[in-house]
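Naming follows writing order (A, B, C, D, E and F), and every chain is counted from residue 1.
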Amino acid sequence: MKVTVSRKAHFNAAHRLYRKDWSFEKNESVFGKCNNANFHGHNYDLTVSVTGEIDPETGYVIDIKELADLIYQEVEVAFDHKNLNLDVPEFADLNPTAENIAVVIWNKLKPRLKPEFGLEVVLYETPRNFVSYKGN
Amino acid sequence: MKVTVSRKAHFNAAHRLYRKDWSFEKNESVFGKCNNANFHGHNYDLTVSVTGEIDPETGYVIDIKELADLIYQEVEVAFDHKNLNLDVPEFADLNPTAENIAVVIWNKLKPRLKPEFGLEVVLYETPRNFVSYKGN
Amino acid sequence: MKVTVSRKAHFNAAHRLYRKDWSFEKNESVFGKCNNANFHGHNYDLTVSVTGEIDPETGYVIDIKELADLIYQEVEVAFDHKNLNLDVPEFADLNPTAENIAVVIWNKLKPRLKPEFGLEVVLYETPRNFVSYKGN
Amino acid sequence: MKVTVSRKAHFNAAHRLYRKDWSFEKNESVFGKCNNANFHGHNYDLTVSVTGEIDPETGYVIDIKELADLIYQEVEVAFDHKNLNLDVPEFADLNPTAENIAVVIWNKLKPRLKPEFGLEVVLYETPRNFVSYKGN
Amino acid sequence: MKVTVSRKAHFNAAHRLYRKDWSFEKNESVFGKCNNANFHGHNYDLTVSVTGEIDPETGYVIDIKELADLIYQEVEVAFDHKNLNLDVPEFADLNPTAENIAVVIWNKLKPRLKPEFGLEVVLYETPRNFVSYKGN
Amino acid sequence: MKVTVSRKAHFNAAHRLYRKDWSFEKNESVFGKCNNANFHGHNYDLTVSVTGEIDPETGYVIDIKELADLIYQEVEVAFDHKNLNLDVPEFADLNPTAENIAVVIWNKLKPRLKPEFGLEVVLYETPRNFVSYKGN
């Protein structure tokens, strides 16, 4: 009897899409206005979903407060009100596209959960653009 | 050619998370403020999703009005403006966590649908906390 | 140059609409299923709006963090995961309709703000039902 | 490392649910008020989701601007501010139920994407009624 | 102590923006794709707000169930799943722009309410376009 | 018969809250994490509302397409995917708080509208924090 428990969270950050090893022109042609050298930013909306058996003792798959705290520690403290390119080590050499941010978040959260739990991360970069990653 | 048809519904209810066989202190340490002996409450948002083949006659998988009526009869009449712990028999001895409510709703709806239909229930307890159950 | 600054907040609570000095039948006829003696509940969404001049030093009318803290102290601590009828003194003899809750919140917040600030409280009892109060 | 990239779009259209080969009475009994001979209409909200590997060069599965343009060309130009029954060839002999519209959209988009990409279409006919189709 | 009580409602309808006394070309130049002779349609979201004193007996300005019923009778029955131009008498000679629909709704509701109540109608034609009317 | 017509728009931008003439410590104590020297960012949601008489010829107060184009030219082109502090001249010496951004937008739009029109700007910096300005 597997149930999925989901928690929404939120962080604001600046970023720039580009590769250091490409010319400005190549970055411009691939990433367009997302390549602004002065950065732009987003309100990222995040949904983290954990799938597992209901614990018959408590009726919980996972205490949602525990899940919220984990997201706070691993994601909000690290990313909120930050410049992803300059302030977050994972993106020192990784382009902070929504796809890559979702994978980074998944990789940070997975080892902090029971190994038998399934994990999915959904990341809204804007209200109309979002990505999801399940780890495979 | 399987399509999923989803209908959103809504009910308001009071509940308390606790186990009768635990001390108040143990309930407090596990369920925190959700253990308020005077109850608290939620606007539950429910999405019910039915998956099946499109009927080539009508172009419907299921008449959404029929699905809405079924949710009304099985869920809204039973749960809306109720105290889940005191007024709903299914929770007489089952802790009304979001996980357990989703499973109870799934179990009420499944036998009322064609056996070949897939069924998923998504239940929002708050705008930021939700669970889903597909029956396995 | 008056600007309005608004902050959204959220609390979950149980309540019952009734008057102690009326018979159950009269309460039933006026308040219908909201008169459930075992209570029901809601996720209340609250928007608090403060209107005043922009401080030319900071560019703020009010520091939104300060406003969020004030709402937390005066409203969330007092109402969240509570039974409004039984746990909140203001409703000991006041029917906790959305209208009355909004007025109580306004009365709690107003003296904590600069006297020259305008204040409006919008309270969603459900996603489709809401009230607002500006203090006159 | 498969990631799903989703883009929301929107179109407004009129439609009528009925079969030309059925009597008005039979259509009325099956489709109810959706059979209004003068048509009714909707704001359709569409989410298109593409699943594939992240390109390590760009950090994109698919450039979301490219996906948005594809939806614009194939869906918005064809359906927006149109009468689905009268103006859109695909529905000349196909009842424009939400289910059938989703399948038509999927069939229009699939050949325009890399064959290895997975594709899901979610179509909201109203804020409470929606369907999804993944191509099998 | 005036409080505003608001109720959201919803209707789906087809319409066409044009004037019978103008040429097709003039209508096309003014109303663009909204002039499609085969109609297009919308999910209209409606918020009706009533402002008045709280009744100290009940704690209500107006029973929201009564307000919901009034909107149902006057607006939903008349407009839902209709073609505004062809099925709704008020628009026989009045262009069904969002502005005019809002005024028509206000004029239908105002005489059904206590004369001392203030009334505002907000009408969403799409999620990004809406109008409001307060009667003056 | 005055009606208000509203249009929603959207832009993404980076910003930093600080005063050049204050020490880093003073900026930190007033603006907290919003003072990150590397910037952070937001998805700004904007609602622009124009109030005026309905033109009896067209049934419009203002053609919403015209209003959308004006917002695009004056706000989206100028602010979207920009660093407000570095790329937007209005904020060269003005702290880009939500309050100040709303006033700047109002001042850009007002002269482009008929002088008899009322104008209100609502700016969401995050889904829970927003400001509004009506020009006085």
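In this text, a residue touches a chain if its C-beta (ideal position, glycine included) is under 8 Å from a C-beta of that chain, and two chains touch if they have at least 3 such contacts.
Bear in mind that the values here come from a model prediction, so they are computed numbers and not experimental data.
Contacts with chain E and chain F are shared by C. Chain centre most remote from that of chain B: F (centre = mean of CA atoms).
Two chain pairs, A-F and C-F, are weighed by contacting C-beta pairs, with A-F ahead. Centroid distances from chain D, each centroid being the mean of CA atoms, peak for C. Of all residue numbers seen at the chain A-chain B contact, under half occur in both copies; the interface is built from largely non-matching residues.
Computed from the mean C-alpha positions, the centre of chain C lies at a distance of 29 Å from the centre of chain E.
Between chain D and chain F the centroid-to-centroid distance comes to 34 Å (mean Cα coordinates, whole Å).
Within chain E, contacts with two or more other chains are made by residues 127.
Contacting chain pairs in the structure are A-B, A-D, A-F, B-C, B-D, C-E, C-F, D-E, E-F. Residue ranges on chain C touching chain E, taken from their complex, read 17, 19, 30-32, 94-100, 102-103, 127-134, 136.
Of all residues in chain B, those touching chain C in their complex are 10, 12-15, 33-34, 36, 38-43, 45, 80-83, 86-87, 126-127.
Note for the complex: chain E touches chain C at residues 1-9, 54, 57-61, 63-65.
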